[in-house]
Amino acid sequence: MSTPVLRTEKVTQRFGGLVAVNAVDMHVDQGEIVGLIGPNGAGKTTLFNCITGQYTPTEGKIYFHDKDITGMTPYQITELGMCRTFQNIKLFPHMTIMENAMVGAHTRIKENLWDVIFHTKAYKKGEKQAEERARKALELTGLSDNPYYYGTDLPYGKQRRLEIARAIASDPEVLMFDEPAAGMNEGETADLTEFIREIRGLGYTILLIEHDMRLVMNLCDRIYVLDHGTLIASGKPEEIKQNPLVIEAYLGKKA
Amino acid sequence: MFFQQLFNGITIGATYSLVAVGFSIVYSVLELVNFAHGSFYVLAGYLVLTMYSFMALPYPVAILASLIVTGLFGAAMNKFLLEPIRKKTSSGESVMTATLGVSTFILNLIMVLYGSETKPFPNPMNLGKFYIGSVIMKWNQVIIAIAAIIMIIVMSIIIYKTKIGSGMRAIAQDVSAAKLMGVNTELVITFAFFSGILCAAIAGILVAMYYGSVDTTMYLGVSMKTFAAALLGGIGSLPGAALGGIIIGVLEAFVAGYISADWKDCIAFIVLILVLLFRPSGLFGHKEIKKV
Amino acid sequence: MFNKITTAWALHRRTVTIVTLVILVAFPFLITDQYIVTVATLGGVYAILAMSLNLISGFMGITSLGHAAFWGVGAYTAALLSTKLGWPFILTLIASCVVALVFGVLLGLPTLRLSGRYLTIVTLAFCEIIRTIETNWKSLTGGATGITGIPKPEIFGYVFNTPMKIYFLVLVLCILTYILITRLMDSRLGRGITAVRDDYIAAQAMGIKDSRYKIMAFVISAALAGMAGGFYAHYMSFISPLSFSFDQSTLILSMIIIGGLGNLTGSVIGAVLLIALPEVLRPLMAWRQVIYGALLVVVILCKPSGILGKVNLKHIKQRELFKRGKEKEGEVKA
């Protein structure tokens, strides 16, 4: 068995006296779509932020392949090949759709101050590469119709796609989506589910946090369930649906 | 020598505190660095001069009228200039530049009308001085320090105990949430300007009484030291701003007394930078938590 | 109306640039009054200052009130090196940049992590500290009276000794500054700068080292202000701390806000306007500054984001060309 792409080992995050994430062990294998679910305040986003480098976990280790990435900064983690989107979409408002996607390619092109000022070959090559990568990502996400409008002028669903395009342009191995269906209606969510499945077909490994049960159950190969910062269940969607602990913690509340 | 400098420092520091508290009140509701703040401090002094010396109003009436006019002026600046700008743009820089324009306008208007030379400021209450040990204390100094401290206490009561004060604190935390909770945000902001600028006006008059003169160059030194005092304490914290003012007043007195008066004016800024290196949100400020 | 003008401008940018350059070159020949040429030169100095401040305050989003300090550091460097050590103009100009850059690093490294308004006040504090040093370190800086007898600019024996010659020198420096910042912003580095300003958390998540971009923009901005200072010292032939006070910082900031944050052409327009305005208002004597203050407020009231604040010619051009390309495709198919 090959080593997982991403693995956490007893990751704990405390804020003052509050334990937001408590000794969580999880892993994501090559080519999987893994879901992370749990009721509000379960610590999903906190765990996510530990993995993406926004927080440094109080205890525990995080590995990307065999590399210990605990405590690395977000930009180092992106450079290694993991890129995220945000629950409340974070596009760059003063950039066009194209430029937003070109920022994604930031770590994959090389231009230094000298190149930029004197327009050297390296600059021209870098700009061409950035544009090509961006164009590809935009085509993939269906956004190539006049990409010179501002990203924030797009309708909501397309803004989400642009965020994903931006992440794809960074050429990641793992894509991490923070509640990708947040704020979407049923039709948009169905489109998104289909779209994420397509992306996986291209060889990306995907980890996502989600509230929308239908999306998670339809899409994920495996699911982890967090409650009060602790992992209470993991397994295939069918298993999770049957798990009494999950029903009590999560679904049970509705009944 | 030491105690004399300490006493002088606390006296002038108390007036810095008062200006800084006023500045902090406006800052906390809008995150606005109000460059016109110090010009109202100067304006109040000149208004007293006009009403007492030229219009021959009784001294207390002149002071009271000057305070009210200056406060209303500040409120009007917000209502008729800054509020329309805020409605058109979210750029805080534009609003800040507008306050720069206002302060240029006020200061130069004063210079045109009164001339740029220093004017004697009337103070009919010449109460003499007394000694504690070898420290000379003028009654004026004592009154100024006490008046400033009382005003700071009054302001704190307004902000922490009254309804409009809780409105201010709500806006400081989250404007849209405050609006949803039924706070009349624009009214509260205008009141913040009125009360904040009132603080500056009181301090301006106290300082004019202390030195027995007014001039427009008072503006620059005081407004910049005020920013430094407010930041030193941690913007948004009234006790912080008050303490920041005292610290700066005392440090200045010591620098002037033991090193050289030449370097007095920049000690505030050196201390500010040093403090912020170790406590990026000032002595009493809260650390901002970044949300993802 | 405004949109039509900017669209036309965006599509014919090269023509507009060439026409502007021709006007700028012809200008001193058409004007008989040498005083106006001198004022225009001062406008050029401020244009460099405004463009460089725009890099840090407009493009990078860090409102700085310390720009005059870097300008002053550059000016004093050039003044001291040329009067005390007899260095030639080119070398003092480079030294001005380098010294201002070093000051930029010294201020920026520890303070750039501070949040928004704190940083603004720290830059103000820096400006005051530098001015106090300039005023009080009398043995080096000559105190409040400043330094006199700084030689006119001279390059390989060619002395810029008339207002017109100096005007052309500053014009060249302005154009170099414009090209430098334009090229910087139109690149991977520029996208990094914009991304950090727009949303630093998202920028980090895209692999952008935000602190590095902040310090880069800050230092380049400081160096350019230093260059403006070096030129200014030789052009005025005397300098004093008064020229580099906090008032000057706010003046430069007003220029870029009136021109529009994040628009270089706007900065130049802002600089020219705010330098020309007091001259135009000169007959009003003492009322001049009063009206100046009022006008500043009125302009912001009418156009809060500045004259060209929301205009990005590159974006407009790309968008229009794409639209036209699509339309042509459609015609061919039809």
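Chains here go by letter, A, B and C, matching the order in which they are written, and residues are numbered from 1 within each.
FYI, a residue touches a chain if its C-beta (ideal position, glycine included) is under 8 Å from a C-beta of that chain, and two chains touch if they have at least 3 such contacts.
Chain-to-protein mapping (UniProt): A = ABC transporter ATP-binding protein; B, C = Branched-chain amino acid ABC transporter permease.
Just so it is clear, the structure is predicted and the values come from calculations on it, not from any experiment.
Between subunit A and subunit C, the least number of touching-chain steps is 1.
Each chain's centre was taken as the mean of its CA atoms, and the one lying most distant from subunit A is B. Legend note: the chain whose CA centroid lies nearest the centroid of all displayed protein CA atoms is C. If you average the CA atoms of subunit A and of subunit C, the two centres end up 40 Å from each other. Taking the mean of the C-alpha atoms as each chain's centre, subunit B and subunit C sit 32 Å apart.
Centre-to-centre spacing of subunit A and subunit B amounts to 48 Å, using the average Cα coordinate of each chain. Each of the following residues of subunit A touches two or more other chains: 54, 86. Residue numbers of subunit B whose C-beta contacts span two or more other chains: 290, 292. Residues of subunit C in contact with at least two other chains: 201. Only residues 27, 31, 33, 35, 81, 84-85, 88-89, 91, 93-94, 96-98, 100-106, 108-109, 111-112, 220, 224, 227-228, 231, 235, 260, 262-263, 265-266, 268-270, 272-273, 276-277, 280-282, 288, 290, 292 of subunit B touch subunit C when the two sit together in their complex.
The touching residues of subunit C, counted against subunit B in their complex, run 57, 63, 110-111, 113-118, 120-122, 124-126, 128-129, 131-133, 135-136, 201, 246, 250, 253-254, 257-258, 261, 286-287, 289-290, 292-297, 300-301, 304-306. Subunit C contributes residues 180, 183-184, 187-192, 194-195, 197-199, 201-210, 216, 262, 312, 315, 318-319, 322-323, 326 to its touches with subunit A in the complex. Residues of subunit A that touch subunit C in their complex: 52-54, 73-75, 78-79, 83-84, 86, 90-96, 98-99, 102-104, 106-107, 109, 111, 113, 115-117, 119, 123, 126-127, 130, 146-150, 166, 170.
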